[in-house]
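Same chain, two partners: chain A is paired with chain B first, then with chain C.
Up next is the complex of A and B:
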């Protein structure tokens, strides 16, 4: 019981919120592309580029905010490249996404070597981290519960506030509606005169914006350093969440909290002397298990949809068959 | 212009664009592109040892590339080859240092377990892909991370060589893959890779099973009406792809390192996938693209010595090649529908 108390306490919940923030941001970013009907496996690379350039910007300007801006700009550049190739050139989205991830990995390491002359990681060099926001009155109001709402970096607040904003965005704004239409029924969007290209570009850039913030949080948030491949699969976990949440912000939040908890809990286990290699697999195992379990649960839906689409196919075949015989 | 000629000239133009962009990036990191390319060439083909080194790097890329080809033909993205490679490599090492068997049989047993390990590692994602349509790209990528951590755990906590770094005990000499030349670690693994590439190409070309796989990959509805059990075949295709990925790891262990160590073959799985994509899923063309990437990798070793650029610059060039090839501006017709289904052909 005492061990359980040590394992699960306020600090763990606060740590969960901290570790949830980057994956939540990148998954919310991916929700734009998911809703617009693009499978975006390139989140990982956008996040990594964001993390690296946030550190660069922070060193060059001496300001954390400018660093975040640099990180976001880099992620936007990757998102733009993704959109140009996938939307305009209609290249395969999996191929482009994977290639951009590899590009981000190679580029950050090459630039690190070129600028700092080191391999592995950038520490020091005057990196300015993000400040922690102390909410006034939190200590007086909540006492020992204060760490739950106070003392996070601004990006953590942005991540959690973004969830209700995105719900409103999809349900109450024109652009949100357009994105959903383009994703669900591109033919309908085309018929309505909505530019699919423009909407998908917008969705991809919005995605880059949030992925860049997520990256900046990784390198300027609680640890102020950049290490090779420091996004370590969080972008891919976000894609797993997006697959089973279908990009709905509230479900995304639920999934991300699960991973944030797995992440924080595994870090906690490590301090108890469990082999670190096994403990580090926990978030990935949780992601995989959730992906498999939820696709197993979705099977009646898959069967229903298959039946429906086959019926549609058969009925259109019957109606269009005679028409084909008539010469135009 | 014939379709084939257009496709090939498109590939070449794309390659040119990629090299140009690569040159710009090399300028950005403060090196001369000409110097870097010349160093890469010298590092890859400078003398007979360098050429053998290039072939040595080509071997795992080729085998991983064939693994990716099998998946791509059947419409599956096996992005988990990296993980299968690690598990296959560990499995082969385990057989190599645990048992003592006669020469030859020992090698075969180790390779067999490597193949089994690769297939077993992909079995769960493959099952869920085939049965419930769970996206195999994400599940195989995530399992890579687990595979790397798991093999590290085995190596460091369960089978660590006493007094050594993070590596297992060396395998017995009876399990070695024989070396071809005295001056290089180049071994029979290269022949395994070449045979495999040609064999898989023949299977796809001349057997009805191979035809069925290609059909499922390019036109699943058609294949289903033609009587192919699409789900079952998807499962088998991923399993075979994983098995070949495991083999790549086994060959790397038995032929090159003679032990398993942490981070023993970084990036070969991804290089193989890229080589297969560049070859448009053809195993024989993968021989050429794998040789190209092997040369880049081998050349990058000298790059690290002779210039200030890091060897990861070649990953950048590889990614740029794939990106510009994927756009294929020449091959695509302008009239193609925007809403149309995207094929993996890129």
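Up next is the complex of A and C:
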């Protein structure tokens, strides 16, 4: 029990919020493209480029904010390339997404080598991390619960505030509505003179914006460094969440919290001396378990549908279905 | 061609909502609209009637700016207008309800109605105002819908109401409906007609496309008949009888001579007994059809398109379940078999829509002549296709059926309509089947190819095949058929001998004004 107490406490919840933020941001970004009817597996690459250029920008300018801006700009460039290829030239989304992911991985490694002469990671060099926001009065108001709302970097707040904003965006704004229409029924959009191309470009760039923020959070948030393949599959987790949530902001939040918790929990386990390789598998095991659980729930439905369609087949064999003999 | 006699005042623009003058539209070599004049008075329900492919939808798409005419001009409310795109038409007070609805299932009715012109307050969409406005409009015109319901949960009939509301919200004063009743139940159709009358009562104009005689007679003030891309006439509905209307629709000029034939008295090959089937809306489409087809006999089925012929063909070929009745082919009941088993039983099918069911347009001629018999010698040996034999066989067919192509490796899509149809005939007629179901063999085919196809059908007759020929062209039936059965509203209204086809009698039966009990099965 003592170990459990040490494992599960307010610090773990705070850590969960922290680790959820990057996945949440990138998944919310992906929500724009998902809702607009684009299957975007390029999230990983946009995030990685964002992380790398955020570090670079922060070193060059000495400002964390300028670093974030650099990271977002890089992710936007990737998102624009994605949109040009997928929307304008109608290339296959999966191929383009994969290609951009590979490009981001390779580019960050070679640029690291070219600029810093190192492989593996960039540490020091005067990277300026993001400040932590201490909410005044939080300590007095909540006491030991204060870490739940105070002491995060700005991007964490942005991520969680973005959830209700996106709900509002999809339900009450014209652009949000058009993104949904373009994804769900492009012919309807076309008939009403809504430009599918323009809406999809907008969705793709909004996605790049949030993915860039997510990347900047990785490299300038709690650790101020860049390592090879730093996004470590978060973009793909976001894709998995998007498939199951259909881009719904609230469902995205739920899925991201699950993964964020697994992430934080695995970090926590490491400090207890569990073998790190085993511990690092935790988020992925959770991902698999979640997918399994979801598909398990869907399974009886598949069986039901199969049975129903077989029954339909049998009833068209007229010898076995006297009920259908009645013409009226 | 100028206005037909009886059309409302040709040159005055007063009180005209829409005037089209000499509209011509060509698609490649095909002329969809050939110098069509149309004048629609304000405040009337104007029906445009004609068979499938008569050019109704093309004409309306031109009026609404979805297509640009090659020749001719458009006047809207008396002003000459270039309708460059639908936005121009909408601005001029036109609204179009298409055959295929374009609604977003996850959005509410009101959101769909206002999509593209949302009511906003402080930059946010004002759902409450949209719901209120939708409710008000739906009440005013008897278009009963719940504005807050999600569209994905609603029936097709209600979806159509939403499409009409969409048009109304955009301020339309002239509403074009393209085959609005095609997807409706009779009850829903009646409600739609009431709505249309309430539009006219408010001074609005309705243009209504249809190929159903009854509803045109019931609801319209004026009828314009189109046939083969030309206008036949514009007449007040009250001066017309159904019978006249049918004759204008299907035309009576005979372009084919009756084919000479030897009398043959073969055995009964196909015996259809009291066959019933439903259409895609689950409504009865074939209602108690009974007939026989003998070896060496061509039995024609006449009727205005959409009176159950398609469903009858689909039931016989195994593509649609029968809800009642039997169809015996050489001792087997086709209604219990699937398409492959039906073909094995000695049934060849030339489908009405050759591009959908007749050929694979991307495959070669050789591959298309193979389909359905790929598992048989000489086309395959021990489960492996013998492409040499297939190509050789296709080469023979290309020669004997006079298919104009470069070679058997040509993809079918490069051929003309007539030659594609010949590919289908070549495959189906060389299958050794005793029974041939031939549906609209010469639709969209040029005259030369039509003659060749007719000759081929007569050769099959002479070879002792039993042939059921479904056609909307009376002259084709008169040229080929030994007996003509007339279908109306899913029933076989009567039978006319082919060698003395009385077109007035056929026309009355096609219009449903001459009901005769269907012939009892032998």
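Just so we're on the same page, the second predicted complex is superposed on the first by the 294 of 328 C-alpha atoms of A that agree within 3 Å, B and C clash if a C-alpha of one lies under 4 Å from a C-alpha of the other, contacts with A are read in each partner's own complex, and residues count from 1 in each chain.
Simple rule for what comes next: a contact is a pair of C-beta atoms (placed from the backbone, for glycine too) under 8 Å apart; a residue touches a chain by one contact, two chains touch by 3 or more.
Quantities reported herein were computed from a predicted structural model and do not represent experimental measurements.
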Once the shared chain is lined up, is A:187 touching chain B (first), chain C (second), both, or neither of them? both
Output check: A:278 vs chain B and chain C. Expected answer is one of first, second, both, neither. What do you get?
first
Given the touch rule stated above, what does A:172 touch, chain B (first), chain C (second), both, or neither? second
Between chain B and chain C, the one with more contact residues on chain A is chain B
- Task: Mind working out whether A:237 is in touch with chain B, chain C, both or neither, as first, second, both or neither?
- Result: first
So the chain A residues that chain B and chain C both touch are 187
Given the complex, residues on chain A that touch chain C span 168, 171-174, 177, 180-181, 184-185, 187-188, 191-194, 316-319, 324-328
In the complex, chain C touches chain A at residues 86-87, 98, 102-107, 111, 115-116, 118, 120, 123-125, 127, 276, 284, 287-288, 321-324, 335-336
Given the complex, residues on chain A that touch chain B span 39, 41, 81, 85, 89-96, 98-100, 102-103, 105-107, 109-114, 117, 119, 186-187, 190, 196-197, 232-233, 236-237, 239-240, 243, 275, 277-278, 280-281, 284-285, 287-288, 291-292, 295-296, 298-299, 302
In their shared complex, chain A is touched by residues of chain B numbered 25, 28-30, 77, 79, 124-125, 128, 132-135, 137-139, 141-143, 145-146, 149-150, 152-153, 156-157, 270, 273-274, 277, 308-310, 312-316, 318-320, 322-323, 326-329, 332, 336, 338-339, 342-346
